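Input: structures, listed below.
Below, subunit A partners subunit B and then partners subunit C, in two separate complexes.
Right, the complex of A and B next:
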C-alpha cells in the first residue's frame, strides 16, 4: 500500500511518517466513538448535542487522515478504519477507556484536546503537504472542543466540594493513560532525525499547556508515570469490546456500499 | 463540439444551482468552490469544506458530480475536497450572507469571536446557549432583550499563525 503520501524519499522515514499519521487517525476514530456513547445520555440537551458533534468531528477527522493512508480514498478508507485486528490499531490506551461518568469524559476531553492541538500544530507546520493543510484546517475545528471541555471543568470544580473531588479523582485516574499518548517507538526516532516534523518535546509542551488549566481550577497535577502500550498495538479488554461493537455492522456485510 | 471555455462557463452555471443540503444557499455563495478545470471533456472541481466532519460533504460531492455529468459534452466529472487553502467567512458572497440572514441565522462578519448580535432585535445583550447547535456550523444563543432563542453561523476558528 503506497497511497498519496509519497513525498518522502527514504522508505524508512516514509514508513515512520505513515505510522505517526495512523496513530493520529486511530486516536480520533476511537475517541470519536467514545464521545458518541454520550448521545442520548448527556447531563443536559446541550451537552448531549455537544458530545455528539465532537464525535462527528473526530470521526470525520479520522476519515480525512485515513484517506491519505490508502490508495483509493473512496474504496479503502472504511477497510482501514474497521477491518484490522486490535493489535494493528495504534491509538493510545487513553482514548479507548470506557466512559466512567461525565467528569471523567470531560477530564479526558480537556487533556486529549491539548495533546491533539500540539500534534496538529506540528503537522501543520511540517512540509508534508497536502496533509499539513488538512492539519491546519482540523486545528481550527478542534479549538471549540477545548473551549467546551474547559467550561465544564471550571463549572464542576467551582461548584460543590464533591464536584471538585470527583474531577480531581478523574484527572488522577486519567493521568497515566494520558501520558501514555507520548509513548515513543522507533518511528519517533527516525522522524526526529529526518526533520520531517518540527523538533520539540511534545510532552513538555503538553504539560505546560495542561498545568495552568488544572491549577486555575484548583486541581493538583498528578505525579504518576505513564502507562504505555497503545502505540505498539497492545490494547486493553475495553478496546476489544469497543472494536467488536463499532465493527458489528460492517462485519455483517463487509461489501456493502453506503 | 463544446469548447473548453464554454464548458467551464457551463460548469460554473451548474455549480451555482447546487445547494447545501443543510442550508438554503448555493455552494458557490458559500464559497466552497476552489476551482474548475476542463480538459478533453473532463471536468475537475475542487471544493473547500467548511467543516471536515460535516455529513453534507458527501451529499454535495454527489450532487455536483451528477449535475456536471448531465452537461452536454462532459465525458467525466471528478470532484474532490482540498485543504490547500482554508475556508473562511471571506469566501461567502454578499448574496450568500443575505440568504443565511434571511434563513434566520445571525452571521458573523468574519470571525466567530466577534460580539454576537440578535438577528431579531439587533441587541448585543445576548448569551451563548451552546457552542454546538443543530449542525456543526451553528451555535445557539438566547437574546436577553427580546427573549428569543436564535442560531448563529459558526465558522471554524481563525487560521493560526504556525510560526513556520
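Right, the complex of A and C next:
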C-alpha cells in the first residue's frame, strides 16, 4: 500500500522519518492521557475544563499523525495507539511521568509546549506534504496550550513564596526528563544528512525559548543533565501503569468497532 | 437612586467573577454567554476560551468584572411593559433589513468573513 510518506525514496531515510513522526504522535498521545487525568480534579472548574480540552486536542493530534503512519503500513490508528508493547512506544519519558500536583503538570505543559512548537515548526517547514500542512494547522492549537501554561506559571510564581518554591521544585524535577526529549538515535543522523527536515539544533532553540520564560518568573534554570531512554523504547514503570489503564477497554474486545 | 425610586443597581458579584461576551462572526455583536472565576482579566480570557468558545464559532471574546455591570432592578421591569398598544413601534421590518444587510455584506466580504 502506498501512503503520504511514500515520497521519500531512500528506504533508510523513509524509516527514519517514520520513526521521527511516531515519536511526535506518541508524545502527544501520552501527554494527552496524562492531562486527561486532571478531568474532575483541577483547581477550579474553569481550568479543569480548559486542561481537559487541551488533553483532547493532544490526543486528536496523535490520531492525525498516526493516520499518516498507518496509511503507509495498512494498519489502523487504534492499533498504533493501543496495541503495541511498551517497548515499541517512542515518546520521551517526560510525558509518561505521573502527575505530581498542579504546579508539576503546568511546569511540564510549559516545557513540553515549547518543545512541541519547535518540532511542529520544523515539520511545517519541511517538504513532506501533507504532513507538513498538518503540522502548520496543529500549531494554531498549540499556541493556546502554551498560553494556558504560561498564564498559570506566572501566577503561581508571583503569588507567594510557597508557590514560587513549589514551581521551582517542579521545574528541577522535570528538567532531566525534559532534556530527554532530545535523545538522538541513528534515525536522527540519517534525517540530518537527508535534508528532509530543516537543519538546526532543536535543544539549543528550546533552551533559548524556555530560559526567558523561567527567568521572567524568577525561576532558576536547572543545570542537571538529560535522562534518556524513551526514544529507544525504554520506559518507566509509570508508563506500564499508564498503558495498562489506557488500553483497558481496547483489550476487553480488540475486534470491537466503534 | 432617584426620587422616582430605585431602578438602577450595580450587579452584586464577587471580585473574581467575570462576565464573558462572545462574538460569533466579525461584525456580530458580543453576546453574554456566561461567567468565569479568575483572579484577573488575562486568566479570565484564557479560561473563557475553552469554556465558551471550544464548540461553536468565535472570533472574539470580551470579559468584564461582573461587579462593574450596572443593571435595571427587577421592579423596573414594568417600565419596559407598554401601557397601550404600541405595535406600530415593533421593529420587525428593521430586523428584516438587518438580515438583508448582513447577507449582502457577507457576499461582498466572503474572504474576510472566514
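Keep in mind that, in the parts below, the second predicted complex is superposed on the first by the 250 of 258 C-alpha atoms of A that agree within 3 Å, B and C clash if a C-alpha of one lies under 4 Å from a C-alpha of the other, contacts with A are read in each partner's own complex, and residues count from 1 in each chain.
By definition in this document, a residue touches a chain if its C-beta (ideal position, glycine included) is under 8 Å from a C-beta of that chain, and two chains touch if they have at least 3 such contacts.
Because the structure is a prediction, the values reported are computed rather than measured.
Once both complexes are superposed via subunit A, do subunit B and subunit C end up clashing or fitting?
clash
Of subunit B and subunit C, which one touches more of subunit A's residues?
Greater contact footprint in residues on subunit A: B.
Contacts for A:144 in the overlay, against subunit B (first) and subunit C (second): which applies, first, second, both or neither?
Both partners, subunit B and subunit C.
Pick one for A:46: touches subunit B only (first), subunit C only (second), both, or neither.
Both partners, subunit B and subunit C.
With the two structures laid over each other on chain A, which partner does A:180 touch: subunit B (first), subunit C (second), both, or neither?
After superposition on chain A, A:180 lies in contact with neither partner.
Considering only the touch criterion stated at the top, classify A:155 as touching first (subunit B), second (subunit C), both, or neither.
In the superposition, A:155 touches subunit C alone.
Who does A:60 touch here: subunit B (first), subunit C (second), both, or neither?
A:60: touches subunit B, not subunit C.
Is A:124 touching the first partner subunit B, the second partner subunit C, both, or neither of them?
Once the two structures are laid over each other on A, A:124 reaches subunit B alone.
Once the shared chain is lined up, is A:92 touching subunit B (first), subunit C (second), both, or neither of them?
After superposition on chain A, A:92 lies in contact with neither partner.
Can you pull the subunit A residues that subunit B and subunit C both touch?
Comparing the two interfaces on subunit A, one with subunit B and one with subunit C, the shared residues are 46, 49-50, 53-54, 144, 147-148.
What part of subunit C is in contact with subunit A in the complex they form?
Residues 36-39, 42-43, 46-51, 54 of subunit C touch subunit A in their complex.
Under the stated contact criterion, what part of subunit B meets subunit A in this complex?
49, 51-55, 82-87, 129-134, 136, 140, 154, 156-160, 162-164
Note which residues of subunit A are touching subunit C in the complex, please.
Result: residues 44-47, 49-50, 53-54, 144, 147-148, 151, 155 of subunit A touch subunit C.
Applying the document's contact rule, which stretches of subunit A touch subunit B when the two form their complex?
46, 49-50, 52-54, 56-61, 63-64, 121, 124-125, 129-130, 133-134, 136-141, 143-144, 147-148, 198
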